[in-house]
Amino acid sequence: MTSHIAFIGLGNMGGPMARNLLKNNFKVTVFDLNQDAVKVLTDQGAQSAETAQAAAKKADVVITMLPSGEIVKSVYLGDDGLIRCVQKDALLIDCSTIAAEDAREVITAAHQHGVGMIDAPVSGGTAAAEAGTLTFICGGDDKDYQAAKPILSAMGKNIFHAGEAGAGQVAKICNNMLLAIHMIGTSEALNMGVSQGLDPEVMSEIMKASSGNNWSLQVYNPYPGVMPNVPASRDYQGGFMVELMNKDLGLAQKLAAQSKAATPLGALSAQLYQLHQNQGGSGLDFSSILQFLQSQS
Amino acid sequence: MTSHIAFIGLGNMGGPMARNLLKNNFKVTVFDLNQDAVKVLTDQGAQSAETAQAAAKKADVVITMLPSGEIVKSVYLGDDGLIRCVQKDALLIDCSTIAAEDAREVITAAHQHGVGMIDAPVSGGTAAAEAGTLTFICGGDDKDYQAAKPILSAMGKNIFHAGEAGAGQVAKICNNMLLAIHMIGTSEALNMGVSQGLDPEVMSEIMKASSGNNWSLQVYNPYPGVMPNVPASRDYQGGFMVELMNKDLGLAQKLAAQSKAATPLGALSAQLYQLHQNQGGSGLDFSSILQFLQSQS
Amino acid sequence: MTSHIAFIGLGNMGGPMARNLLKNNFKVTVFDLNQDAVKVLTDQGAQSAETAQAAAKKADVVITMLPSGEIVKSVYLGDDGLIRCVQKDALLIDCSTIAAEDAREVITAAHQHGVGMIDAPVSGGTAAAEAGTLTFICGGDDKDYQAAKPILSAMGKNIFHAGEAGAGQVAKICNNMLLAIHMIGTSEALNMGVSQGLDPEVMSEIMKASSGNNWSLQVYNPYPGVMPNVPASRDYQGGFMVELMNKDLGLAQKLAAQSKAATPLGALSAQLYQLHQNQGGSGLDFSSILQFLQSQS
Amino acid sequence: MTSHIAFIGLGNMGGPMARNLLKNNFKVTVFDLNQDAVKVLTDQGAQSAETAQAAAKKADVVITMLPSGEIVKSVYLGDDGLIRCVQKDALLIDCSTIAAEDAREVITAAHQHGVGMIDAPVSGGTAAAEAGTLTFICGGDDKDYQAAKPILSAMGKNIFHAGEAGAGQVAKICNNMLLAIHMIGTSEALNMGVSQGLDPEVMSEIMKASSGNNWSLQVYNPYPGVMPNVPASRDYQGGFMVELMNKDLGLAQKLAAQSKAATPLGALSAQLYQLHQNQGGSGLDFSSILQFLQSQS
């Protein structure tokens, strides 16, 4: 018997994720404040509800995809929060990217009401959301993780269990901090090589085959013209915006401060993206950090 | 007809490289100030010479593997330098890692005397030198590169032509700067995750399958115990020493200053390795930067 | 007619501050969870109360000196918070160093109950607290600032009005970030000069008379032996501890993130103090960052 | 009997320095490749010479003020260098800002020919050169320093003896690194405070009276409008240009690498000024780093 899923939050990521659930024959009830976003889904077979609570009450599984920890907490906690209105054996899955401490607070509250819950932030961007090839990085009890897995598999390709409650958020934010670092590092190396007369494509091939190899060189080269289908080759339009990278680097620095963990390159990367944003780079893809480094004169 | 090769500089890298030339049936005359190093090679069939000049005079190809640009310049330049004593159609191959400007100075001098020369620094360490699986990153005229390729193939697996004279040095030093950056970045991410209770092996798997993926995670994990045969799992012994990484990061910062290229993460990485060295890490493998980041209290 | 002051929080700073109020003939009722700290004050003429509320109820002015924003909020806010129990015309002065947003939240709540309040964090350390020479950096309405000034003057020498509610916290945290930066910068300059054979005292004199001049060189030289009565000349004991500087740099980075203000040197300074703390420097004076930079080998 | 001084290098600094020697009744023979610069001085009573050697031959004291270590070495060293052509008891004073190792090389060569020499780089800029209020930071033997002092006093106010040969360069470059650090730090603090609604003038007053106090706040405030007669209040025109600060920070990083001294804030400051220069700030006063930090959006 297939689950009945309530899906709350139909933005650029949530919308296509809910669609993939429908394609996989799940029964889905959606909710979003944006009626246009709701209509796209009901046109494809979803039911809709007047409120998040109404959607959640009838469901076996509730999935949320929301923009901030503040909003996640306001949706789940409190007297009219989802935790108090769902069925006793419901499973809650929060796919938002939020601070680990916020995730732990909400999951602890769910457990206090006897409700299972995991954090399951995603990696992969809107293209992967559409294609159903997202990576889910989960935190929570193994029982809840196992229950969530078949549902997440309808929306993603790689499903990881990072550890206890909040561990999904920790692993995701560590990954994205590392992504920022090697993207800037790759940009520094390519820019310096080109300033010495080297060809960025030749340099990329050499470093990809050597110890400098990393994801940026493999699939997301920041130098314009080296790869055909990446933001760098279309004026850094589309992709993963600088302001979103800034949000994640902010979460990383908050986590580092709580952990008393030294992250010197992570902290400097956050500063460089902040400078880039302040100078007008906010809406560009994050690989445009190469442009920030380049001489304009 | 096989070439007669003069090989100057039989250290940890040069020794095994010369041995692989012998194994591939090249005629090799060696020179080093260290007589023990010479004997190891003559025992395996090499001829020896009293001086570098004597070795070079008889050879079609001269290969040098020396510790610094100062020494490379003193060997090639001047009235009794190799450039003035080799045969007119000889080919010179310098495999040392030195500043690009030093490489360009020597190659220009060679060209002025009508002698072909390339810079061909290596990547891969002593294990790859022994196994004949080094990567050579070459700079110079295509004619000289093509002539050198069959000889380098006896010692390495990947042979790249990065560009004009000095380009081999530029590409190598850019690569190693990027290596330092993602090694520190990977260490920061793993250390922060572990401080939040995550398992370093699980985290490594997740980031390797995600956008954080890089060479450090793939083959050189800095967290003790995650990979069996890496320096991190034997107290950071062996491998690529912190003081050698420091030398390369020093060359990278020199190149950045000449290029007027901004390399903020490269500069900070150089500082972190300097701090690590000053606090006693000099002789450890460079992945021990994880240990430098960890709390001792 | 002199005010009756309730003083809540009698730690290393609060204790001597309350004593200076007594010396200036203010009537003071104190409260602290630590009975020994209370007894020191009652021995000198203070009255004591069973609870913070009991102390506050009878007073015209309430001064708090507490270790964190969490505690400040728990003391002032809520049904049994001080804001709800003080007299209508009471004046609240919070001298704790906390996040500006926490200060604003509490002051706003006070205003909603018709009670005047300012934030008034201090600069100067325990010696200045004892001597009554603290600097107070205040935020809030001018009326409240003017009312507080004669009372603060009993405990300090310089009283500044930085701006609206929270501005005292902002100015203090900006100042302390700048202090960390020039202390590290001074240490880098002295350490590099000494490594080149220069005398740290001669260098300090030169830079103090030149454009490098700053507070660290003037009154708090980080090089052992240059100044007689500073922590550097007594093994970095006493003074302003690394862990307290870390707390302030954490507040600064939090403020920078909220402000979307780039603070690259501030962020790196926070990282360097975190590394220093992790390696065992936690309880040393913050000028010991010079020791962290020095070579141990 | 007054000395006869040869003055080589009549640029923005050298010209007014030579003029002050004339004003103090020294006999001065000048040389520069720029004939206009020479004429300004001969109009004021200087003699001129066809070559640097001709000027130096007749003099008791030779002063040089040149733009780079390369040029200083080419003027002093070699078969027709000044060292070989001056009188045996002549005193050489190099006021150029160059690498300490270059200064040591030239002074050692002078000593080998029995000629006394000191390095005496200046601090203070063109205004101080005109006013005769420069700071001279000298390195060399005490005998030579004492002999130079009366002459330097005609051009400057503060004359320091930093130590042995090259120590003047070391102390100057350490000072300027520290200057860059506290200028950026001051800019970060002011920018963050203003972004939180504070007045930059009020903040400057508070920090100047507190532990953040430094030369930038005292005489060179980077925030437009706070001080009337500084570059910040005239669109960052005039003053000490970003590209000159970049040159000094490059010398500092070279010195740090040689010294194996960690200078994390110095290295990051060099990167930030490089980024600022690359984005078009090259010709602005160095306090314009505040503008680089500010949000443009």
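For reference, chains read A, B, C and D in written order, and residue numbers begin at 1 within each chain.
In this text, a contact is a pair of C-beta atoms (placed from the backbone, for glycine too) under 8 Å apart; a residue touches a chain by one contact, two chains touch by 3 or more.
Just so it is clear, the structure is predicted and the values come from calculations on it, not from any experiment.
Compared on C-beta pairs in contact, A-C and B-C come out with A-C as the pair having more. Distance between Cα centroids is largest for the pairing of chain B with C. In this structure chain A contacts its sequence twin chain D using mostly the same residue numbers, the overlap exceeding half.
Chain C has its Cα centroid 39 Å from the Cα centroid of chain A.
Chain C has its Cα centroid 52 Å from the Cα centroid of chain B.
In chain B, the positions touching at least two other chains are 260-264, 268, 272, 275, 277-278, 293, 295.
Per the touch definition, chain D reaches chain C in the complex via residues 100, 123, 135, 137, 158, 160-164, 166-167, 170-171, 174-179, 181-182, 184-186, 188-193, 195-199, 202-203, 205-207, 209-215, 218, 220, 252, 255-256, 259-266, 268-269, 272, 293, 295. Chain D makes touch with chain A in their complex at residues 268, 275, 277-280, 282, 292-297.
Touching chain C in their complex are the following residues of chain A: 250, 253-254, 257, 260-264, 267-268, 270-272, 274-275, 277-278.
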